[in-house]
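In what follows, structures are represented as structure tokens.
You will see chain A twice below: alongside chain B first, and alongside chain C after that.
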Partner chain A sequence: MLSYPTVRASLIFVAVAIVGLLFADIAITASNPWRDLGNFFLGVVTPNFFSSEGLLTALLRTVAFAFVGVALGSFCGFLLALVYRLLPVRIFCAFIRAIHELFWALIFLQFFGFHPLTGVLAIAIPYSGIFAKVYSEILEEADPEPRRLLPPGTGMVAAFLYARIPDCWEQMRTYTAYRLECGLRSSAILGFVGLPTLGFYLEASFSQGLYSDAGAMLILFYVLIATIPLWVRPKLLPVYILAAPFFLGDGLPIVWGNVERFFTEDIVPAPLRSGEGIAGLVPWLNDLMVNEALPGIWNTVLLTQVALVATGILALLAFPLISNHFGGPVRRTSGHVFLVIARSTPEYILAYILLQLWGPSMLPAVVALALHNGGIIGHLIGRQTNTLRLRPDAPTGFNRYTWELVPRVYRSFLAFLFYRWEIIMRETAILGILGIYTLGFYVDSAIQNIRFDRAMVLILVTALLNIGVDALGRYIRRKLALQTMPTC
Partner chain B sequence: MALKLIRKFVASSLLVMTAASASAETFVFTAIPDEDETKLVERFRGVADYLSEQLDVEVRYIPVKSYAAAVSAFRNNQVQLAWFGGLSGVQARRLVPGSEAIAQGVEDEAFQTYFIANTSTSIDPAEDLASLEDQLRGKTFTFGSKGSTSGRLMPEFHIRETFNQAPEDFFGRVGFSGNHTRTLRLVEAGTYEVGALNFQVWEKELEDGNIDTSAVQVIWETPAYPDYQWTIRGDVNERFGDGFKDRVKEALLALDDKELLESFPRSGFIPASNEDYEPIRKTAEEIGILD
Partner chain C sequence: MSGFDLSGLKASFGGERVLGPLSLRVREGEQVALVGKSGAGKSTLIRLIHEQVGRNSSLVPQELGLVNALPVFHNVFMGQLDKHPTWYNTLTLIRPFAADRAEVKSLMDELGLGEKLWIPTASLSGGQRQRVAIARAIYRNESLLLADEPVSALDGPRAHQVMALLRDRFATSVIALHDVELALQYCNRIVGIQDGLVELDEPSDRLAPSDIMSLY
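And then the complex of A and B:
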């Protein structure tokens, strides 16, 4: 078995994660975690839909921010995709998508404040970077044949519209619809930093132990996501996109002087601002790197590697839940429900819930990341097994799982996993805001102390780390000759 | 309907384009989110109603999710008045030249932090922190918010001063619960063994019978320091008319609605000045929270 490169790569990652576990802070510190977990589930089954007058408005805002953000991101992403072959554009896109929506929101909050633009841009900017990359990949893979058949002298625009777009349309549409679902999740968690979306109320209810209220919000959110195919119709889309900007709420007016101040003063490193010059900059940077960036990077990488392997294990365990090759319809339906819940709940919300229940350590973060990402990959792999046709006399049960299915889907499983590596790291960093000592913790601390210069350096470090992991993931996928379809 | 939509669209895009705001006449204030949100919203909606009656302008309260968001909103002139803690007030006034602390609670002149412990730790209350050294070392400990005076700044100062160590080195695990109510709940539940919180929150919860005193108790009280205050921007008179700042101050000092005061909980408001908070600034600089 060791002669297979995929097996070797897997074992290396498992070994790294095991070593990581020795260093990681894994513990349940709550004295009665199971009682709290029980109370939480009790809350979910006894939801209180009338807790807050603002709940429906919050749901509406969540949808509105998602639509405006994703529409804007998709439009800009498409334009960027057209020039994606230029290196500066690629670097620019890699950079903007390496910074998480919540970080963008925290940045814009400092000068736009509670204006709708903060939420819209926080979604649109990283999504532009992601759309640009995926759209350009789709466009590149388009069949070149139709273009060759065009009469000579056909204009570039016409050629593009008639020979390229039709071939890519379906894929771009599917991907954009998929991103809309991601947009809803992003929009919901923006509430955690104060925007008027679902997360705002969810955080308030949770922190006060009002589990029935929180349960109602989660249920509404799941229903919203599960019914996307029903209410997001191609014909209705233009209506939604045109209407959405009117439902973002008024927020507070922007004061433009703040924008200028942010860029010309706030983010200028303190020693430069106080006139100490370059001589003061070195110890300042040094202190920041040694005391915040390095511990942050260490914990981020550690948590990412453990969570990545946990995700993989969970995905492999979960995919039979929805596979046609096992069990009856009842099991598959409940499997679907479980996976829908797992992948519809943003990691951030899962981690927040588990942290409240189990107390602070890396464990809630690992479980949250594994549940969400494992749910997504398990769903994709499970669906893939449904297209497989086994011999009539193929073994059943456990042997079918180990000898027939896993080997057949293992390569795409790995491809998805490495694809999500960078996404897991992005999330890991952001979970620091919840109190786990990853990079986000230090970014949040700097912002809480109104030191945006430090925050910006740390966000930059986070982005570079992400770009690095993205590149490494791509390298490994290429080395192992793994192919993927983009997922969110 | 369509026309209305278009009008609204034009209006909102104008709003985006220009700094001049349509709601210039609305006086907006915020407060640091130091307690459960439901309580805050209830309390400050009451204050908004009271102020709007007294000042004859529309007054709006904006809830925020973090101390820094309150400071930023104040700095960005999206709110003109704020109920800050000692530290957030100092931060805000440094960033907004001309802004002023105008009123504080009667209790804020001599505010305190309580160190509380879960009773399973069997730490006995003590008069001085140094005598608790052996019992506290290695325990799990939670502050409130990172930007809190009573929940972070003062307890961290006393920990550093007494034990000569950073909190994360002295304790086994250090967390930030987010606010005082949550600190209380987390220590009560045993998620953290020890915590530090605003003494007013403790006293109020105790009085209301919301504390399981068999699970959590006060083990040490800090010396007194100045804390919460109302801070107003220096440019409010230009925006809301001459003498507006004084009118806000008078209104706050004259607030005698028992129920409203009870919700803070403060027995009343008294005049304050920027100088009152010098000790806080020095402490913050000493432990490196302020540059």
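And then the complex of A and C:
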């Protein structure tokens, strides 16, 4: 077994996570966590849909922000995909997608304030970077033969429309639909920084202990996501996209003086602003690195590695739930429901809920990341096993799992896991806003203290860390010859 | 100019010479059948000729090169994308013009696929797909045809019908064929390839099937 590179790589990652656990701060600090958890579940099963009229508005705003943000992101992403060959474009896209939606929102909040533009750009900018990368990969994979056969003198546009787009259309459509679902999640969590979407009301209900209100909100959110195939129809799409900008709400007007001050004063490093010049910059940067960036990086990496392995274990345990190689329809239905809930709940909301119930430590973050990402990968792998045809006399039960299925899907499982590595790290950094000492914590504190210069440097550090992990993940996938299409 | 005169044609794969060096001169009006064992180098020769004569030839490659998501009509229409301005092509993608429809329809009727004009090529059978690629080459309307086993997936009578159509539509052609009968019946010159070299080059009326069998 140890001679398999995939097994060796897995064991190295497990070992790193175990060592990481020794340093990680894993504890339940709340005085009565199980009672709180019980109350919360009681709230979910006794949802109160009528407590506040804000609920429907919040739902509408969540959908509106998602539509405008994703539509704008997919349009810009498509244009960028056409010139993605150019190195500066690739670097630019890697950079904008390495910064989490919430970080973008925190930045825009400082100068646009609570204007709808803040929420729209917070989604559209990182999504443009992601769309550019994925669209260009899909376009690359189009069969080159039809292009070679076109008569010489065919215009570039015609060649593109006939020989490239039709081949990619289905895949681009599927991916964009998947991204719309992600956009709904992103839009929901933007409420946690004050935009008028679901997260805002969820936080308000939670802080007042109104678990039934919170439960109603979560249930509506799941229904919204689960019914996407019903209400997002190709014919209705233009209507939604044209209507969405009118449902973003008014917010507060932009104060252009703030915008100017942000760029000319706020983000200029303090020593430069106070006239100390370059000489003052070194101790300033040194202090920032030693006291904030390094501890932030250490905790982010630690939490990411532990959460990555927990995600993998959960995915391997969860995929039989929806695999039709086991058990009956009842188990599969409940398995589907469990995985839909796990993957529809944004990590951030899961972590927020668990943090409220268990008290601050890395544990809620690890569980939240593992549940969400494990749910996604478990779903994809489970679906993949349903396409496998086993010989009629294949073993059943646990032997079928270990001998027939896991060996067959392990490579794509690893591919998905390494693909999500960067995503897990992005989320880990952002969970710091909830009070776990990852990079997001230091970014959030710097913003609270109105030290935007420090916040910008820390966001830059976070982006570079993400780009680094993305590159490492790609290197490992290439080394192990793992292939995956970007569908998760 | 639909003939060509090429020399020094050669190709290697993985460091091993698979074709040539050989010369081939085809005059206007010559319809050449390339025959030989599979792996002898016929496909490679067709590809080399296509690269050398520029793209002013109608090509039917073995892998067809269809855009599977597009209907039959658009796959055929692609043969004349260079004849129209971009707006015309873009509009055709959404809603084809009546004149083009009629033209493509009559061509597809000749090939027995008139009923399938609006079906995506992905859902056609192998033989039907092959005829779509042939229709695209005919629609392109060059005087030189380069085709690599264009009728390999067609049954007897249909293969004869298509070969006759190709003979009538293209004054000059180079067609790789494994069917010796078809080669003798529809081409006026036979070039036999063996181990990457020309082993036989005669007008068809001076050959009998047995002369060609020695290549196999």
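In the analysis below, the second predicted complex is superposed on the first by the 486 of 488 C-alpha atoms of A that agree within 3 Å, B and C clash if a C-alpha of one lies under 4 Å from a C-alpha of the other, contacts with A are read in each partner's own complex, and residues count from 1 in each chain.
By our rule, contacts are C-beta pairs under 8 Å (C-beta built on N, C-alpha and C of every residue); 3 or more make two chains touch, one makes a residue touch a chain.
Every value quoted in this text rests on a predicted model; they were computed, and no experiment measured them.
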- Of the partners chain B and chain C, which touch A:P146 in the superposed model: first, second, both, neither? second
- Task: In the overlay, answer first, second, both or neither for which of chain B and chain C A:L37 touches.
- Result: neither
- Is A:G155 contacted by the first partner chain B, the second partner chain C, both or neither? second
- Task: Could you say whether A:A163 touches chain B, chain C, both of them, or neither, answering first, second, both or neither?
- Result: second
- Tell me which of chain B and chain C touches more residues of chain A. B
- Note on the structure: Note: overlapping chain A surface for chain B and chain C spans none
- Show which residues of chain B lie in contact with chain A when the two form their complex. 5, 8-9, 12, 15-16, 19, 21-23, 28, 36-38, 62, 64-69, 71-73, 75-79, 91, 95, 118, 120, 140, 145-147, 173, 175-176, 178-179, 181-182, 185-186, 189-192, 289-291
- Task: Enumerate the contact residues on chain A facing chain B in the complex.
- Result: 29-32, 36, 109-111, 113-115, 117, 192-194, 200, 203-204, 207-209, 245-246, 250, 252-258, 270, 359-361, 435, 444-445, 447-451
- Query: Which of the residues in chain A come into contact with chain C in the complex?
  - Reply: 143, 145-146, 148-155, 157-159, 161-163, 166-167, 169-170
- Task: Spell out the part of chain C that touches chain A in their complex, as residue ranges.
- Result: 54-56, 59, 61, 63-70, 74, 78-86, 89-90, 93, 136, 140
